[in-house]
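Please read the structure below before turning to the comments.
Per-chain residue numbering starts at 1, and chain names A, B, C, D, E and F are given in the order in which the chains are listed.
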Amino acid sequence: MEKRISLAHGDGGELSHRLIKSVFVEAFGHNNEAMFDASALTIPVRDIAVTTDSFVIKPVFFPGGSIGKLAVAGTVNDLAVSGAKPLYLTCGFVIEEGFEISDLRAIVSDMAKEAKKTGVTIIAGDTKVVERGSADGVYINTTGIGIYENGRKPSLQFTEGDAVIISGTIGDHGIAVLAERGELGISVPIDSDCASLNTMLLKVCEEIDDVRIMRDPTRGGLATTLVEIAEDFSLTIVLNESSIPVREEVHGMCELIGFDPLYIANEGKAILIVPNEHKDKVMEILLQFPEGKDAAVIGEVTGTEKGQLLLETPLGSKRLLTRLAGMMLPRIC
Amino acid sequence: MQELLKQSSNPEILKPLLQAVKEKAAEFISLYGRKPAFMEVCGSHTMALAKSGVKQALREDVSLISGPGCPVCVTDQHSIDSMIALAEGDGRIICTFGDMMKVPGSRQSLMDAKINGKDIRVVYSPVDSIRIAEENPGKEVIFLGIGFETTIPILAILVEEAYKKGLGNFSIWMTTKLVEPILRHLLNCGDVMLDGFLLPGHVSIVLGEEAYSFLPEEYNIGGVISGFEPAELLSGIYKLLDIAITKDTRIINDHPSVVTKSGNVVAKQLMEKYFSLCDEAWRGIGSIPSSGLSIRREFDQFDAKKKFKVDPGEPKKTKCRCGEVIRGLINPTDCVLFGKACNPMKPVGPCMVSAEGSCAAYYQYMRECN
Amino acid sequence: MCVGVPAKVIEKQEFSALVDVMGSRTTVGIIFVPEVEVGEYVIVHAGQAMSIIDEEYAKESVEEWRKLTDARTS
Amino acid sequence: MEKRISLAHGDGGELSHRLIKSVFVEAFGHNNEAMFDASALTIPVRDIAVTTDSFVIKPVFFPGGSIGKLAVAGTVNDLAVSGAKPLYLTCGFVIEEGFEISDLRAIVSDMAKEAKKTGVTIIAGDTKVVERGSADGVYINTTGIGIYENGRKPSLQFTEGDAVIISGTIGDHGIAVLAERGELGISVPIDSDCASLNTMLLKVCEEIDDVRIMRDPTRGGLATTLVEIAEDFSLTIVLNESSIPVREEVHGMCELIGFDPLYIANEGKAILIVPNEHKDKVMEILLQFPEGKDAAVIGEVTGTEKGQLLLETPLGSKRLLTRLAGMMLPRIC
Amino acid sequence: MQELLKQSSNPEILKPLLQAVKEKAAEFISLYGRKPAFMEVCGSHTMALAKSGVKQALREDVSLISGPGCPVCVTDQHSIDSMIALAEGDGRIICTFGDMMKVPGSRQSLMDAKINGKDIRVVYSPVDSIRIAEENPGKEVIFLGIGFETTIPILAILVEEAYKKGLGNFSIWMTTKLVEPILRHLLNCGDVMLDGFLLPGHVSIVLGEEAYSFLPEEYNIGGVISGFEPAELLSGIYKLLDIAITKDTRIINDHPSVVTKSGNVVAKQLMEKYFSLCDEAWRGIGSIPSSGLSIRREFDQFDAKKKFKVDPGEPKKTKCRCGEVIRGLINPTDCVLFGKACNPMKPVGPCMVSAEGSCAAYYQYMRECN
Amino acid sequence: MCVGVPAKVIEKQEFSALVDVMGSRTTVGIIFVPEVEVGEYVIVHAGQAMSIIDEEYAKESVEEWRKLTDARTS
């Protein structure tokens, strides 16, 4: 087989056929490639959740994962935070001419591994190849289908006093990837948190009656995700700055370049808002999982009228948190 | 040492320290029947005060006025337009600190120019731009040199490196600012009443404690050189209150772990070697004589202002009151555009762009929690 | 005016040093502090070490705070 | 709103929020953007079909359509040819920094229009922005979910004599797009055939008992798709060269640059293999639809043992057709 | 006219025409006790014969031998390696007909070089490469000039244009071939027994009918100039049979609508003006004196062979028998690699790459339908 | 040796002409056939018109084929 992807790998002819057979079908374990293009299936229940995401990370391999692992975990998590049990995944690849086929294999193998681990089946796929300079390596779209069993769906009903929990340290993914890119010349000895959270989160949903909401604070970070929740459901949420778990290394890198961990992307974390009386039980469950070992109660819902997110500093002052406004750029002032 | 450093944001220290400041402020108020007014000269102080909640916590006790020490905010519109016009030329790579990217010019920002396809690169360390120039011999690489005395010595390193390497395609567009001339200008104008200055810890690393002696000596006003951590801020304000109450007008170096009496000699020598005084235009103030540094004649080849002709035309007039904000004459909230037409997503003036701009700090950290 | 971060010097070359900021590491210029030694802390701004942190003074500052504090918490 | 897409439109913050609200939510008619990210739904039956495709066409606007129309029609067709009724679509955008927002709006509006026309609902979406030079305008992934009602599924059981039908002229899409690209300096006054075929194809499935298979000959063209069918089901298929409908203009362009219409992509055509006794009835149905007005019987299944595709020339000679081997390139020899 | 043109592929004409050829061939066979053997000189004839099914339909009647008229197939390994080595240099844009892209060099093909990031562009019309040179003044643009006499005049236009425009960054890597020398070589070697040549219609547009008079005069062998449509092919073969049967050895112009007696004068003048005879290496044959054209000394600046030094090293030896295939000595199926190690996806020799290569034509159109 | 395609001349400039190939249109050089007129057909190779198609001869060829053909179909 060739070493690098050529445009012909995407033109639907003999090379596409071989690529699909030798890379995808093999890794995803289908026995004919017709299955790879479209899939007929019978699902166990009629209540489903559907989500889609495209993954465009640079570099495609980073400490703690790869775009392949991310593409599976990211979509699995979007289903899991909605309370659904992830069952099926489709994947669409856009590959740059010249991309190393061995890298593609490694990525696809990461996908297969993560899919196996989380119990999802990859049921359909597609590959397109674009000219050199028309993509940055490889982009992957995954679309996930999950099912709702046993009324696991978060209620989306909130009351004052509800506890806000984060399942672990924030900013690990964004900082690990930024450092790995090497452009800033800063090395940070941490891994991306990239992980599938379905087992842990569905366990919470099983054990706790009235989970209010779960969300994965990916792009835009913890603050942006909580602003969205606050606005969507007209909640006043107050976070306690000193209780938010941030790794020292993440803090260090952020200090150096003037970034704020509250706005850095996570790929293996969930925000859970739960009734105050269940918060200890939820913490107990989260702490049982490796993905939840740094979980912390970081704030509470203090009102259900205005949509706003506040941060209480160690001095006791409160300040308003808004969405990430424009890109974060390394700065000197 | 790491443990020592952490103390500066230790809540167990902060809360009583805040209490001490509040008590001291009450003493001032009972003495003079008004709130004490201090100006934090430095934009990083503005941001640190707001982000840590010190400013909010002292709202009733001390009037903290943001000063002119945000290099982005004090850059005048024509300068900004010139840098953007520069970026629009073909065959150029513009290197800049991230701070400048979103500053609105009359027609567009550097970010817009980048979106429109211009090659504009954000660097963390200015010396990266030297590497970029070496890697792109066919292009002109221009570094946008903004900053006060903390940053200027680093720009001097750039000239030195470019000179040593004989780089023909590298230059700096200098639009730097100096602390002393702007403080003198503010005091000379006399339109802000102040009880003292919270002086910039990092600039002072270079300048040294002695650089501020003109304040008590010539203007009879005191100042405290302060760090940026919450405890350092509170301590600095505490000492400012002390000066104001005792009328023992002087400069206190409250950041002695990094600031010496005479500053960093090497840095000052490098500045002297490569740069000379020039008039600089300050936003909303106009030109102040000898308030900036430009590249010395001998190193003309690295002076982008000599190398490239740009004519950005007349700046567009806006209702932005940054000029008054940085002089401490008004609060950001006094600007009619604040929070409405002007916000961090669509800033009208540079004070809303820079993280340490007064307007941005107000918007991000000080808005009423309603 | 300027972001400045305390960093610990890990390795030293002639004009640069590897520094550590709570676990993150980067190389900074030491042109302004050529005398710095491994193990010392510096303030880093825009990729350059601007100043060496004097531990004694740092300690004194903390002690000063503590004094003010003790008066209020005891 | 800004004129062009910036990286900040993809970072999950305020600008992403506005972009989604003002461009996507508006066009796709959701009333809150939370719905746009993941979607819970109850589907009518448990037998479903799922397919995914990424669309990377250049230029993004072309005679007869746009990447938006294509992204909907392409996935709708993949469902329709499998006999499923298309119901839901997700869409994932990868957008290049600098892309005109007005163009994005036009593309999204084309998607909304085509979705409405075909009766599918867009239930989830995602946008990512990549740096200038890391994409060519915009790439869209669509994933489709369809349902099987009334046992419409093609049987995939073949017998000698089965008729091979193409629903119209071949090569229109590939040639229209190639010409529109302008690189060859050849103009061709034809439109891409880009169209959703679900109504027409499901009508065939309703009226005809035992449709063997349906396929849309997209990348790789008619020949490649039929080779795949022949191989997958061990059929000998013989095509009659003179009965394959090809527009004169397509033929002309192919002659000029040395391309073969049999291998050119189609985006609004279907191959149907049906029992010989039903072929007239199928033709009758197809001819009723504007999308099927040039339909023709182009060959038959002559054996069910070997997987091979043959072409009978006007002279009566037969030759083997293989998959497209490598890219087609304009040539002089 | 369009109607007239269509007749050449009208099945109602083709089927009886085929019948006529078969009858004529039977006549030959009954006369000589063997199948007549003709060589189609031109690769486009090879492809047209196979694609239309004429070759298959006449399998039992006429032996049609593919000749050396595919410019890609006759390019020797060293030449191919040189072009690829050329493409590997930095700062170059290689323009080529699509035909050359997949030809395997000793280490890689142009397509591989493109995948690896080299700037290689397929043009349909060679003059596009002039535009590319104008648009990229900082790069060297090199056109890979392959072809026989149909294409060579177009390369002459390139030199003329580049000369007129004074382009300093444009050149052609010439590796062209001429028809007469190779036909003479084949006949001189005498290792193929032929009853006549099916002569190339398009080359003859330039050369004219008279160019082939040496065939009957010096070698006592006839030929028919033929078009490429099925009816034209059948008609040409019919006339070749006629010559062979009647032994009235001569050249028949069976494509008089486009081929004249003396060819295209302008084209011949342009070739003469810019090019001069040179020795050329033919794949599997070796160098044939004066069998190609190179750029005249006066126009050296456009001669990439003069401008750039490339040393691709010794070609890798393969078991490819293209050399014998193009001389008509063996059929593609006689090569052990055919259809196995060598196929259009992974061609070993150029005859499997070019659409008009004998091996590719065999693979695509002639393989047994089993 | 060379793909060659019949094309009808639609518009003529000094050195180039717009031609039509069954509806597809492109501009070709006419350096080799400067005398070509609008309405005539040319053979196009690699973007150049190489030859004008003589309609009379084309007719004769078809008639020749028909003769051979007629002998067999009648």
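In this section, a residue touches a chain if its C-beta (ideal position, glycine included) is under 8 Å from a C-beta of that chain, and two chains touch if they have at least 3 such contacts.
None of these values were measured; they are calculated from a predicted model.
Undergrad: State the pair with the higher C-beta contact count; candidates are E-F and D-E.
TA: So, comparing the two chain pairs, more contacts are at E-F.
Undergrad: If you average the Cα atoms per chain, which one ends up farthest from subunit D?
TA: Computed centres place C farthest from subunit D.
Undergrad: Suppose each chain is reduced to the average of its Cα coordinates; what separation in Å results between subunit A and subunit B?
TA: A distance of 38 Å separates the two centres.
Undergrad: How big is the gap, in whole Å, between where the Cα atoms of subunit B centre and where those of subunit D centre?
TA: Centres of subunit B and subunit D (C-alpha means) sit 57 Å apart.
Undergrad: Taking each chain's centre as the mean position of its Cα atoms, how many Å separate subunit B from subunit C?
TA: Inter-chain centre distance comes to 21 Å.
Undergrad: Measure off the straight-line distance from the CA centroid of subunit C to the CA centroid of subunit F, and report it in whole Å.
TA: 83
Undergrad: Two or more other chains in contact with one residue: find those residues in subunit D.
TA: 6, 14-15, 184-186, 256, 258, 322, 325-326, 331-333
Undergrad: Specify, in ascending order, the residues of subunit F that touch 2 or more different other chains.
TA: 1-3, 22, 45-47
Undergrad: Enumerate the residues of subunit E that touch no fewer than two other chains.
TA: 43-44, 70-71, 97, 111, 124-125, 128, 147, 151, 344-345, 356
Undergrad: What are all the touching pairs of chains?
TA: The complete list of chain pairs in contact reads A-B, A-C, A-D, A-E, B-C, B-D, D-E, D-F, E-F.
Undergrad: If we count contacts the way the header does, which residues on subunit C are in touch with subunit B in the complex?
TA: Residues 1-4, 6, 8, 22, 28-29, 31-34, 41, 43, 45-48, 50-62, 64-66, 68-73.
Undergrad: For the complex, give me every residue of subunit E touching subunit D.
TA: 9, 11, 14-15, 18, 43-44, 50-54, 56-57, 70-72, 97-99, 101-102, 111, 122-125, 128, 147, 151, 230, 343-345, 354-356, 364-367, 369-370
Undergrad: Could you list, by residue number, the parts of subunit E that touch subunit F in their complex?
TA: Its residues touching subunit F are 1-2, 4-5, 7-8, 12-13, 16-17, 19-20, 41-44, 69-71, 97, 124-128, 147-148, 150-151, 153-154, 157, 200-203, 205-206, 228, 231-232, 235, 238, 254, 256-259, 264, 266-267, 270, 356.
Undergrad: For a test of understanding, state which residues of subunit A touch subunit C in their complex under the given definition.
TA: Residue positions touching the partner: 179, 184-190, 247-249, 251-253, 255-256, 258, 331-333.
Undergrad: Under the stated contact criterion, what part of subunit D meets subunit A in this complex?
TA: Interface residues on subunit D, with respect to subunit A: 6-8, 10-17, 32, 34, 37-56, 78-79, 82, 84, 88, 90-94, 123-128, 130-131, 133-136, 139, 141, 143, 145, 148, 153, 218-221, 224, 228, 232, 263, 265, 322-328.
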